[in-house]
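Provided herewith is a single structure, encoded as structure tokens, for subsequent inquiry.
Labels for the chains are A, B, C and D, by order of writing; each one numbers its residues from 1.
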Amino acid sequence: MLRVGINGFGTIGKRVADAVRAQPDMRVAGVAKRSPNYEAEVALDRGYALYSAADDGATPFEDAGLPVEGGVHDLVVESDIVVDATPSGVGAQNKGIYEAHDTPAIFQGGEDADVAEVSFNARANYDDAIGADFVRVVSCNTTGLSRLLAPLKENYGVENVRVTLVRRGGDPSDTGRGPINDTLPDPIAIPSHHGPDVQTVFPDVRITTMGLKVPSTLMHTHSLNVTLESEPDVDEVRDLFADESRLFLLPERLGIDGAGKLKEYTSDAGRPRGDVWENCIWDESLTMDGADLYLFQAIHQEADVVPENVDAVRAIADAATKEESVERTNEALGVGS
Amino acid sequence: MLRVGINGFGTIGKRVADAVRAQPDMRVAGVAKRSPNYEAEVALDRGYALYSAADDGATPFEDAGLPVEGGVHDLVVESDIVVDATPSGVGAQNKGIYEAHDTPAIFQGGEDADVAEVSFNARANYDDAIGADFVRVVSCNTTGLSRLLAPLKENYGVENVRVTLVRRGGDPSDTGRGPINDTLPDPIAIPSHHGPDVQTVFPDVRITTMGLKVPSTLMHTHSLNVTLESEPDVDEVRDLFADESRLFLLPERLGIDGAGKLKEYTSDAGRPRGDVWENCIWDESLTMDGADLYLFQAIHQEADVVPENVDAVRAIADAATKEESVERTNEALGVGS
Amino acid sequence: MLRVGINGFGTIGKRVADAVRAQPDMRVAGVAKRSPNYEAEVALDRGYALYSAADDGATPFEDAGLPVEGGVHDLVVESDIVVDATPSGVGAQNKGIYEAHDTPAIFQGGEDADVAEVSFNARANYDDAIGADFVRVVSCNTTGLSRLLAPLKENYGVENVRVTLVRRGGDPSDTGRGPINDTLPDPIAIPSHHGPDVQTVFPDVRITTMGLKVPSTLMHTHSLNVTLESEPDVDEVRDLFADESRLFLLPERLGIDGAGKLKEYTSDAGRPRGDVWENCIWDESLTMDGADLYLFQAIHQEADVVPENVDAVRAIADAATKEESVERTNEALGVGS
Amino acid sequence: MLRVGINGFGTIGKRVADAVRAQPDMRVAGVAKRSPNYEAEVALDRGYALYSAADDGATPFEDAGLPVEGGVHDLVVESDIVVDATPSGVGAQNKGIYEAHDTPAIFQGGEDADVAEVSFNARANYDDAIGADFVRVVSCNTTGLSRLLAPLKENYGVENVRVTLVRRGGDPSDTGRGPINDTLPDPIAIPSHHGPDVQTVFPDVRITTMGLKVPSTLMHTHSLNVTLESEPDVDEVRDLFADESRLFLLPERLGIDGAGKLKEYTSDAGRPRGDVWENCIWDESLTMDGADLYLFQAIHQEADVVPENVDAVRAIADAATKEESVERTNEALGVGS
């Protein structure tokens, strides 16, 4: 039983905690967070041991009547591996704590690549993380792109990748973020950081990414072009994708026109938080023009990195092969079904 | 075991079906819908018998490879009571079918009040629906207002009610509805239909409602003023509300500033679809100024009428007293916990 | 010719500058701003003398090739009166500068009331500002409420005012502000600051305001109830409002359902920036129920305070009576026509 | 003096009318519209002769007290050329009227290409429209793409074009359109109609367009990749674009991050309705990678086709060469300055 501590219990941390809990070979050692808000309540309802990451220790939690087990150091002591899901940049600051306890840790995509030895995507480079001390699970967008490029690269070769990322302005509960009524090239300069980030996973891929931010909160949408090194027909590509457990081809018949209906579908299906762990590719959009593949995919920013974090735990612990881990994670969560 | 048929399996219908399934004394006789989209898939995954309401019978479903048991008439035959959750106005057209089969039916708030003998809210007038043939569960907004006014009326008397309803422009999956960037008085004329609709439940209440439509999809928000006939202090009112199982007082400590965080909270808590069946009153907003009560409440349009439909089934069947039914419904669903 | 300096050339400052320029008895002494962005370009195109309020003096402007005349102190020296339109709170910090030069100044609604001797609305209390050293033009919402309450108070007496302010989340160019998809009670506590702010103009009015923030950028919308001390019929009230030059009754015939069409109308009409200086009251919404008046009005946050600033200049300079000033301002800008 | 009639006085029609009025060699023969709303008021305030396109003739206008000169046929009689700016599809229905009167007409991009002999963009194919009977000014997006591709084609050759069009969900006054909180691939199938539409102007260009719809109202944004036939460096391309009168390179210094600030800038500059007639290319986004050009541009859907309509009038009348017409139009409107 791997004991996994979660430092940072927000959008990503709470999902990773629940995903770890669902695994047969792991348990949640505890979760650390800064403030006694509704998410602290949820942690306790779930039965997670709660640790305070607040500057003034247990006080704010005690004032709110919420029992805590200690601070971040105490949590690290209880953990074989820590998943750090604190806000961008805070992970790097926390690294010293993990080093001090000689405890391996997983960082998230908000950290710079050099925080860890390997930028991780289970489909693309699981083996690179075996036995590593520090691993960074790449961001939601990079995860979505890596899952798609891996099989294309293996089967057809990839000559050039051009992606426009139409990103949601904020998560659904980010009430302070905009824009309200605008479409922002973001960044204006090209490429956006996503291209270079994909290259931390596939160092030799030629890729140009262009980012925009729009007033929606549900998912990112990628408009994607890949120039392949060969010219498969579109049905071959369709079959290739259909075989990938973390790619979901949305059939036209379902009548799903965007992220609203898609999340309604997964919520109806009873998934926790309506989470969409898979890349969702609109089947109808799959198009080949010579060696050029075009498609649209939707990426649930809050969810797609969750199974990747679980796999990263097993890779670090050398507790399973890539195939075993991915299958175990998928099965425990219901990914791909 | 009451056999409940659901005619119309959309936003409301699918929730009522799941709520019926969760009751110890009911089962879902089947569900009827018009098109073989993602919601049809969900119905079959749940194990609901599927009936076609399409103009061309079973054909569209068969073409999509989805098995159907018959048409709407067949569903009515299998049902002791039908919940009609078809779009506004269609319910009235369906009434003849239920009459032909002598099967009692429950309509939704999109229908005119005269479609049924009683406009129903469990807290306010459960007994009026006992043994009725046709009952209309009032709309989400009217349900929210009725639950609040009932205890105020009983305890303090109500002299005048003034409500501004800041309504979401559409449900989360309504991708065709606007406005995108506007705040619309809707209707411009005062009062909106909500006031008279509340009077179908409380005929003698003086109430003026003003409606607006804004570009958000998650919940309606009510800004409310009730002039009482006496002058309780605010803590009395707080205690009164705290005793109501379908009113939830949002404590300041949770840090919930709007519908985004509220739905995140209920999703985190594991509620199906993150549904919020209760009126959510911001505790911090509760204010008394003389005999004037002021508060903000959020109403989850897709969810608050669901327990009311379940109670209406029992009322029609005379299968439980008001207190028994409300408690049984709450317990089966997890309302108020 | 009154020489008016504008300190802070943003949303409000640039409009006040243009309005001052349009007056027969005033001229723009110069404008100060912090950064050489597009608005600096506009200032120079207009022929305004540009002053730097940047911490490092003229440097950023010179680097961008934009000529500046000096710093804020230099601008104050050139001015008989300064309009301070810097961001909330900065005005109070600037007060010392104006005092040092013994130059009267006008602050905006983002400052606390105690920054000035009088909280000003031309319709309500012009005379209080005659000869004052420091005047605060109340905020857009308070201006909108004061213009409406003044004639009601004078003619019928006002017993109680209840307003729900459905506020735009940000100005059209505020790309960093939210919410994207939420309706936020803001503040959650009741009353919002608007009620007390109205009382800086009408100290003895009983008023409760409830504020919300929604994802739109064009205008604020007020849902308003005034309990009068007498019971005029609705046509009397309509006539009363029709006589007020800064209230505009939107006739039903125009087909204007919200702020989008309203701003389209004023843009079509050729108004600078499509500005709406008047309160826009939907005629169709005017309703009397006993002594209770109900209505909806739209307030163009960026524009309604502009004529008030102009009048405040004349009041301070004792350069015209209230009637003369309001008429001169209206005529020069095109208010009410 | 060319007499130009405008049939359809909505978003496009009213702008074209004002643009025609501003030309030294044209006058507005009159404008036809269907309903006596605020735009009818604007037409009369401008002094345009008003014609009724209502099914019941002058009646609705007379009821509203607005004088009309006749019906559409009467307007055509008064016109040398008609600009048809009725809603998509209505133009084709109107064609018979223009034929019956032997009056040449200009249609808009909402019509199918076969409504006219030539699909027109002044920069790309002015001469094709000289003396034509029926001309279609291509849509806002196609206009924006044509202006950009013409100089690239002439100077470097174009091998392949890939565009993601992030389209506004509706115009600012379209209060009924969505989506409110979603990003919709629209259409889901690739290519969108924009690619083939560009090919009505450049028949031999290889182009793939992917369309999306987002909840913003101000402008369309294009994320663009052009594979050229040669490899100019980025400054050459910059200079090429700088020479084009209807391309505007947004300098970084202005601090314009999206459509909100851009429209604020043009409104501040005093342009009618804040209209942006030019393609706005973010200078900072211009990037060359080998033969691949990448950039972001913003297209003001309501405005960019306006100067094109004016040029189309001159082309049909053979009243000026391409260079003369473009210069005269630009000068009269202020395009490019």
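Rule of thumb we're sticking to: a contact is a pair of C-beta atoms (placed from the backbone, for glycine too) under 8 Å apart; a residue touches a chain by one contact, two chains touch by 3 or more.
It should be emphasised that the depicted structure is a prediction, and the values quoted were computed from it without experimental measurement.
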*Which chains does subunit A share as contact partners with subunit C?*
B, D
*Is the C-beta contact count larger for C-D or for B-D?*
C-D
*Pick from A-B, B-C or B-D: which interface has over half of its contact pairs in common with A-C?*
B-D
*Report the inter-chain centroid distance for subunit A and subunit D in whole angstrom, where each centroid is the mean of the CA atoms.*
42
_Taking the mean of the CA coordinates per chain, how far is subunit C from subunit D in Å?_
36
*Taking each chain's centre as its mean C-alpha position, how far apart are subunit B and subunit D in Å?*
47
*Spell out, as numbers or ranges, the residues of subunit A touching 2 or more other chains.*
172, 174-175, 179-182, 184, 215-218, 257-258, 260
*Where on subunit B is subunit A touching in the complex?*
14, 35-39, 41-42, 45, 64, 172-175, 180-181, 217-218, 253-258, 260-261, 263-265, 267-270, 272-274
*Spell out the part of subunit C that touches subunit A in their complex, as residue ranges.*
169-170, 172, 174-182, 184, 215-217
*Where on subunit C does subunit B make contact in their complex?*
160, 162, 164, 166, 168, 179, 181-186, 188-191, 208, 210, 212, 214-219, 221, 223, 225, 252, 257-260, 282, 284-285, 287, 289, 292, 294-296
